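I am attaching a structure below and will ask some questions about it afterwards.
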Amino acid sequence: MKLYEYQARQLFQAYGIPVTPFKVARSVEEAVRAAEELGGRVVVKAQVLVAGRGKAGGVKVAETSEAAGRLAGEMLAGTVKGEKVRSVIVTPYQTIEKELYLAITVERSRRSAVMILSAEGGVEIEELARISPEKLLKIGIDPLIGLSQYQVRKALLFTSLSGQPVKTLEEIIKNLYRLFRDMDCELAEINPLALTPEGGLVALDAKIILDDNALFRHAEFMRMDEGEGFEAEARRLGFSAVELDGDIGIIGNGAGLTMATMDMVKLKGGRPANFLDVGGGASEEVVEKAAYLILSHPRVKVLFVNILAGITRCDEVARGLVKASREVGGGKKIVVRMMGTNEEEGRKILVDSGLYPLDSMEEAAEKAVQLARSV
Amino acid sequence: MAILVGSGTAVVVQGATGRQGAFHTRSMLQYGTKVLAGVTPMKGGQRLDGIPIYNTVEEAVRSHPEINTSLIMVPAPNVADAVYEAVDAGLRLLVIITEHVPIHDTISFLRYARLHGVEVVGPNCPGVITPGEAKVGIMPGHIFRRGVVGMVSRSGTLTYEIAYGISKLGLGQTTAVGIGGDPITGLDFIEVLTMFEKDNDTKAVVLIGEIGGDMEERAAEYIRVRGFKKPVVAYVAGVTAPPEKRMGHAGAIISMGMGDYESKVKALRSAGVHVASTPSEVSTLLSKLLAGVKA
Amino acid sequence: MKLYEYQARQLFQAYGIPVTPFKVARSVEEAVRAAEELGGRVVVKAQVLVAGRGKAGGVKVAETSEAAGRLAGEMLAGTVKGEKVRSVIVTPYQTIEKELYLAITVERSRRSAVMILSAEGGVEIEELARISPEKLLKIGIDPLIGLSQYQVRKALLFTSLSGQPVKTLEEIIKNLYRLFRDMDCELAEINPLALTPEGGLVALDAKIILDDNALFRHAEFMRMDEGEGFEAEARRLGFSAVELDGDIGIIGNGAGLTMATMDMVKLKGGRPANFLDVGGGASEEVVEKAAYLILSHPRVKVLFVNILAGITRCDEVARGLVKASREVGGGKKIVVRMMGTNEEEGRKILVDSGLYPLDSMEEAAEKAVQLARSV
Amino acid sequence: MAILVGSGTAVVVQGATGRQGAFHTRSMLQYGTKVLAGVTPMKGGQRLDGIPIYNTVEEAVRSHPEINTSLIMVPAPNVADAVYEAVDAGLRLLVIITEHVPIHDTISFLRYARLHGVEVVGPNCPGVITPGEAKVGIMPGHIFRRGVVGMVSRSGTLTYEIAYGISKLGLGQTTAVGIGGDPITGLDFIEVLTMFEKDNDTKAVVLIGEIGGDMEERAAEYIRVRGFKKPVVAYVAGVTAPPEKRMGHAGAIISMGMGDYESKVKALRSAGVHVASTPSEVSTLLSKLLAGVKA
């Protein structure tokens, strides 16, 4: 779960990581008041989760509080890369002596957390990693020991900072690691971490991704998903789902199979409307809900269900599909391919309701594409 | 031969009395797997399909010293503890079925297991099957048949899909290993490839990947540099997946410019791996490569 | 560093481990007031560090507040096994359904912490370990993982408690381990942990030994040693010292050598007055202080110095001894045996001052014993 | 031969620029030990007696890949970190001189080192010397001479005392290992005995114990049960030590009915170990036992 910048900044503050002062505003008035209280030149930043906000006009400088209000108003009325802006933050414009990059994240290949540090911040770190890998320091962290003092020292030596900023950076590194572990982060990133002309270090941005699987340990972030639309609804029902722009709805069990199904539809010339993985052992009710959700989507013409039943049982799947198809009219077609546990029973239920299951994934995909064209 | 599990495998199921645990314990027993005990705290003394349930792994191992493998099906928040218990009890192979395990837990217990020389498969995986010998997992056993193809996969049901095709062709499998769909897993492609390379019965390997991460790229690099001695056929799911979206589980995500389909396929091809564009093409390619090999 | 019971109880409270209510009293009046406030039958417990306080009359039951005052007065005026009583605690008398024993300590042979649990508390645990080892559960704790949940479960199963007390015990075990780690304990012990007739669990005693070497992490316990006498004074000077009842003072460098020196004196028929290890690399000043401390002890007739100089330098030792011998008169003799770094220089300094170093430890010990007899 | 250290030993000193560190680094160099580098954070680039100082162990090892051993002399609060750094840098043997290391730190870093297969001697020890080859420690080198007796000891200066006697007799030492005086140490008596048993040059072993703990009893049990193949002579300090008093350091304390002199001597004698009643008697016993053995 990616946090909004203001949430990440609040966590930084709670963990003693210096950030520029900031205020969250959800209206023009709040933005004006925030700018007045902060005084001087400010930055207005749209609170969105998409990447690349800056280049998309989501971060702007205002010389006066009125300008701040106007910018906030524009942002709050619009979207950034398609994402609706619900709030902005207002924060003083900070003059910068030098920018650093500091992050702790999970590295798959090392099977551990890594700290990444660069004396060049502000830039896209992936870009930097490609062009000048020598400017990046990566330190793998042993999970049983944690970040060792010697590793912190190594990081400090790498920056070639001196004096007070070294001590501040040491505290920031230790606190960021504490936050990363305590909060079950997948990523905790400060980019840029600014060295000010006064010799201070301060985070100008804050990015945190929490591990969804660990939210049970962080009740404060276990709020209901507030979004709208297909994906949010699917999440509320407990599915992993992604919306796409085609007309063939996809239901599969297991991420790999569902992706392969989606890929197959595309390969056969069709356009998937979504990806929806019902997971393992889906019951009749679960299948019904999933099918209903997709069949009721206006863009969907055909629903293609591909189930390989291991824990899952074909009869349950069949019953769920039959129910959903009865609830949704409108001439929407259902193509089913299923195999495995209780396959015969499942087939019988489908056939009795006029739904004819197919044997192979390819055959079924072809059928779905053909139906979508003919509707 | 085969790898990881076989006739010498003796299993304890941690979390045996839950709904899923009981279902799959029965299914493994029916398959012929030597499941000797189950463990569920506070339910020690019960029996399940004829096998005894113990409160602790230690007790189970004391009563059945031949136990060397644990199938872990406890709820996600308890997986780390189950691993520590199994490692401390001296088991040699842990297969973790549970999904949604916190990644920091996984990082810690994998390190602990590795430092103790214990192999871990998973989490979030279907398990390991050596057809005709032992099924340590949740896969439908009848899809697999004893044969010559080693399978290693990040995806559960997709493995069944492809295994079914291989079985139908009559080639069958030596062992199929579902390494799991999480960003961080115990055994990875490279480690399983190494095992298959040493296994004389395995004549070819099928590698089933997904978008996300760089495990396929690293496997390709390993094959390319080391010169893997057996033919490898790969299938990678997610060619049409959009970036920055999680496709079902945390492992399958094209993120920060990493883990897209093209990069994986390019790497695999440059290592001499035969990449199938559909699941069914895997069997087609295999049957050409293994023409003349007797299953 | 062993804590007083009241200090250990305060730590228990801070870590959520239930203890019986208690008040510390340093006078009869305070004890009477404490007993009045607590009401009913109370127990008065002398706050001393020696073991075996109960059998030595340091724990007594009082039916009235006057009786509590009287008992406190007697304790505060006296000693328990030779240790002066500076304070007592007053705590309500607790009826007990069953007694448990729970401790976490360091086990040398395992190189780790162990949790020890017994469903029979109140008794001497060493006694129980000898007679009925099956009544004790010992669980080794991996330092990199900590106490695992499965180990806690194993402990709970062992007690054959049921219902609420199981949950309370689980909390107590986890909290005691947290305390043990956080506070760098060598021992954290609850004996007895009482099951009350109401089904509660409460610590009736509290024993904590902190690791002296880790006190720098626990500034609140880094107070100056308040004791009196030779040992306390030696500790304040930074020496490891133990007072014995003989007349030959012993200074050595290194614990093993100093003990061997002491043993040798005894073997030769002498009586060591103390054990004092000056440690490695002792400077002139350090040696002088050590020698002065021992020479000024009224019981000491002879000082036997045995130094094997590695880091230590014989010349420094010699200079320190010469200075101390000049400061203390009274016909006290000094026998020196030294060997190693700068030996020749050291010998010369001694000889010039009329102190003749001997070559072997045995010879020197014989000389010291002989001199002590003749003084 | 000899054990633990020898002509193949290449040393980095962690904490080389402190007063003690510099003194002993020089002393080891004078002895002929291959000390290739020192490490002191923020002092990288300096030199000390001709050897380079680095900021990190990693840098030292990168510049001198033959380094396999670290002598750790950093202040007590920093020892744990120094161990993690040395283990992570791939060293194989760590000798920790520093005393007053918090016991919880010791427990953790010893476990970490052991899981990585790294040997640790100490903390709170004089180090290890193989006379004529390498001195990795703070002992006065001239007391030792090359010979046939393996020495293992919980006490520093007492080792010098006894080594001096052995050297004077002309027997000399293969290796002398000071395992350290703390309650918990890296290598213990049993592990060092096992090494000496395998070392062909070692004809007899001297074991120097102290009151406190049960390491002597466990060593005796090991010798008794396994049937140690070489003569062992022991000396145990503290026959006159009062109970419940710490004699100098945390390791030497007769506490909770454990670790007194009688129990140790009884156990050693019943295992066939020759127990000397004075330090000098050790050499006397050795010369009888090794009559005819050529040093």
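Chains: A, B, C and D, in written order; residue numbering restarts at 1 for each.
In the analysis below, contacts are C-beta pairs under 8 Å (C-beta built on N, C-alpha and C of every residue); 3 or more make two chains touch, one makes a residue touch a chain.
For clarity, every value in this text was computed on a predicted model and none was experimentally measured.
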Joint neighbours of chain D and chain B, given as chain labels: A, C
Centroid distance [mean C-alpha coordinates] between chain B and chain A, Å: 27
Chain A-chain D separation of Cα centroids, rounded to whole Å: 55
Touching two or more other chains - residue numbers and ranges from chain D: 108, 112, 115
Residue numbers of chain A (touch at least two other chains): 142, 144-145
Pairwise touch network: line, ring, star, complete, or other: complete
Contact footprint of chain D on chain B as seen in their complex: 115-116
Of all residues in chain B, those that touch chain C in their complex: 41-42, 44, 55-58, 78, 81-82, 84-85, 88, 108, 112
Chain B contact footprint on chain A (complex, rising order): 51, 106, 108-109, 111-113, 126, 142-144, 181, 184, 186, 211-214, 216-217, 240, 242, 244, 252-260, 262-264, 266-267, 272, 275, 277, 280-281, 308-311, 339-341, 360-362
Complex contact set, residues of chain A against chain C: 144-145
Chain C - residues contacting chain B, complex: 142, 144-145, 148-150, 153-154, 157
